[in-house]
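Quick one: the structure is below, questions incoming.
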Amino acid sequence: MATTTKRQRELIEGRPALIVIDIQASTFIEQDVRAIDHMTGYAERMAKSRVAIDKARECDIPVIFLQEVHRPDLVDFGRELDGSEDVHCIEGDPKTAVAVEELGFLPTDYLIRKRRYSAFFGTDFEILLRGLGIDTLLLCGGLTDVCVHYSFVDAHQSDYFCRVIEDCVAGSSEQAHGYALQAMEYLQTGARRSLAEVLDAMDDFSSRDTQSAQA
Amino acid sequence: MATTTKRQRELIEGRPALIVIDIQASTFIEQDVRAIDHMTGYAERMAKSRVAIDKARECDIPVIFLQEVHRPDLVDFGRELDGSEDVHCIEGDPKTAVAVEELGFLPTDYLIRKRRYSAFFGTDFEILLRGLGIDTLLLCGGLTDVCVHYSFVDAHQSDYFCRVIEDCVAGSSEQAHGYALQAMEYLQTGARRSLAEVLDAMDDFSSRDTQSAQA
Amino acid sequence: MATTTKRQRELIEGRPALIVIDIQASTFIEQDVRAIDHMTGYAERMAKSRVAIDKARECDIPVIFLQEVHRPDLVDFGRELDGSEDVHCIEGDPKTAVAVEELGFLPTDYLIRKRRYSAFFGTDFEILLRGLGIDTLLLCGGLTDVCVHYSFVDAHQSDYFCRVIEDCVAGSSEQAHGYALQAMEYLQTGARRSLAEVLDAMDDFSSRDTQSAQA
Amino acid sequence: MATTTKRQRELIEGRPALIVIDIQASTFIEQDVRAIDHMTGYAERMAKSRVAIDKARECDIPVIFLQEVHRPDLVDFGRELDGSEDVHCIEGDPKTAVAVEELGFLPTDYLIRKRRYSAFFGTDFEILLRGLGIDTLLLCGGLTDVCVHYSFVDAHQSDYFCRVIEDCVAGSSEQAHGYALQAMEYLQTGARRSLAEVLDAMDDFSSRDTQSAQA
């Protein structure tokens, strides 16, 4: 275990953005068989993201929505059907749409479509983060052990501070969810945060930001 | 759970390469305190990679060695010291060298230096894979839950077939090792393979290859 | 100058795709002042791409349309306004749409939105090329000296065979157009091709493809 | 031509680094036939980079050296031999080494090996730029129309301010050199700068930097 004294990090370092990963209409539709397995309580955890989204808007923190989409001819699935997942997120299917009502999604919101698990892979996500001058990513959405975990890893490797809002992520199983949270905490100490902690930090950021604008 | 009938994949699809991740001199040096935690039996599992390396050479399968290195002024650590890991793999430190003797590393071997966890991030790994015309990556080395897992994910997202040789990888803890193997199997069914299975598949590839050359 | 005898390349090596770069509605609208300078005959040259598009469809060669788009709040322009170009290609502006009628664009066609000059930068272009198994890119559109040139360079660096259809590209000036063609020919001998040559090669590919399917 | 009033940029915006591209031993060795064509005065222009390097060191501006290298089995040339260039920059060949004496290269200097034209492609260049907190790239080296131009383009697309030191770059021909300079000026107004201007800006940066450290 690391023994060097290291710099303690704030929940929010520099400028934050809230990243909402793959909360799509299908999440809130009852289905007997899902193309992708979900842990119990999945939809409820996703719905809680709304609290973080509303607070971010109140605090002038940018919100970026990610949406997984695949072309109807299946040409862009790559190796995604070689494992546990079945055909999913076909463009044009209403279940693939962002969960507009549940999240309070606005037509003017930032939306990034992606064809792989990581928000960074084959997308303009990093162009947007740079344009906004973002330093810290606050992550919610699903699956904890797939798109959230692998977006975190790419952000981490690109030097962003990363926090995952535990109440607002859910995995393919409870065990996989728990492991992925551990793996993210391994990468950045203090990565796992409760929704309450994140809301407080957003408020703190907002008042700091207002003060420095008035100074 | 996926219900579509999917195409069953071979252990080796197309042309394979053996990828040896971060087996460096430090692995085989006794240390009271490690910069990075290791599960028990770590060195023994790494040493077993030698069997896969020798067989790959015998079967004319390319072997690519990855080596994690960081600049002595620590400028390239990014967020790597914000988590469980301490300063590690400094260039010029003899412990950072590839484990030449244990692996039978040759001066003519392919070596890729990397500064992040994934073999793809900020390296010429993909240039080499394309040059060699590789389709399947056979992974060994460490840590199962960090560099192996995240290299697997990037390879998966770039459409490579990926297999991890279970006997020849090891993690930061036994639990993290086990979970990472599960996560890789989630991505590609049949990703987890024993050393014995991989050696057999290498032999099969070699005879197929020879036959098609003679045809 | 290179003296080694090198392998002569076919116009189409392996599987081709036709890449139509940034032919948007604004191209065909008379404007007193343009956000981006155009050489004389620009619209006519763009319109000629239709011949290549129709032939590609006839020959079962995939057609991929690129469209430059920027967010209305200008957050994603990066350094693009630090030079000769003014604000351009705002999402939602009808002038930003693909030139549907002039190109015969279909709702089922492959469309890639990009926020930078290169078709590869921050897009899923490479995911699509891999999914389609493409080896050779046949380029048309504009500007020869910006988006066409820099897409060519990235494709070249990623090992694709690249050809530019001279009759169907146009630049910010005739001089810049000519220079960019020279620069592309420097990278791959035989990169500059007439529309007639490309149409012939498409026909040849199509008959080869049909024969091998019947064999 | 753009008509919007745009923000005028300084030669150095934020923190600068000097980027020395592909000035290798071969540059200063007389050769009857070169693998890559050079305009007249090539070596003299490369030698002038030494003035910029010495000034950068004096002003505590980081210097980053790029070196093109290819593996002796030619596996990583990609499409680079399909055009005007012959086999070049083989690893282990003394002509491939950085021009240590002419440039005053130190063993502690930052060195990035690359296998393609752009400094960003398949390298850890961006990891280093981020680690150093760089905003402006001051480019010298060769060839103006290949590695300098295409590194500039990638830097531009990644939001860096880019300046090219005209006296310290040279092309495959004088014409190609001139055109590439024009193309870079198209991307960022004020990109073309004389050595004298850059030396002055380095001095200014250094005194600003010292003052803010004392404040």
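Note that the chains are named A, B, C and D in the order they appear, and that numbering of residues resets to 1 at the start of each chain.
Keep this in mind: a residue touches a chain if its C-beta (ideal position, glycine included) is under 8 Å from a C-beta of that chain, and two chains touch if they have at least 3 such contacts.
Just so it is clear, the model here is predicted, and its values are computed rather than measured.
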{"item": "Interface numbering overlap (same over half, different under half) for chain B and chain D", "value": "same"}
{"item": "Farthest-lying chain, centroid of Cα atoms versus that of chain B", "value": "C"}
{"item": "Computed distance of Cα centres, chain B from chain A, in Å", "value": "28"}
{"item": "Inter-centroid spacing, chain D versus chain B (mean Cα positions, whole Å)", "value": "34"}
{"item": "Residue numbers of chain B (touch at least two other chains)", "value": "78, 116, 130-131, 158-159"}
{"item": "Contact footprint of chain C on chain D as seen in their complex", "value": "1-4, 6-7, 9, 33, 35, 37, 78-79, 81-87, 116-118, 121, 145-146, 149-150, 153, 156-162, 172, 176, 179-180, 182-183, 185-189, 191"}
{"item": "Residue ranges of chain B touching chain D (in the complex, touch as defined)", "value": "71-72, 75-78, 108, 110, 114-116, 122-128, 130-132"}
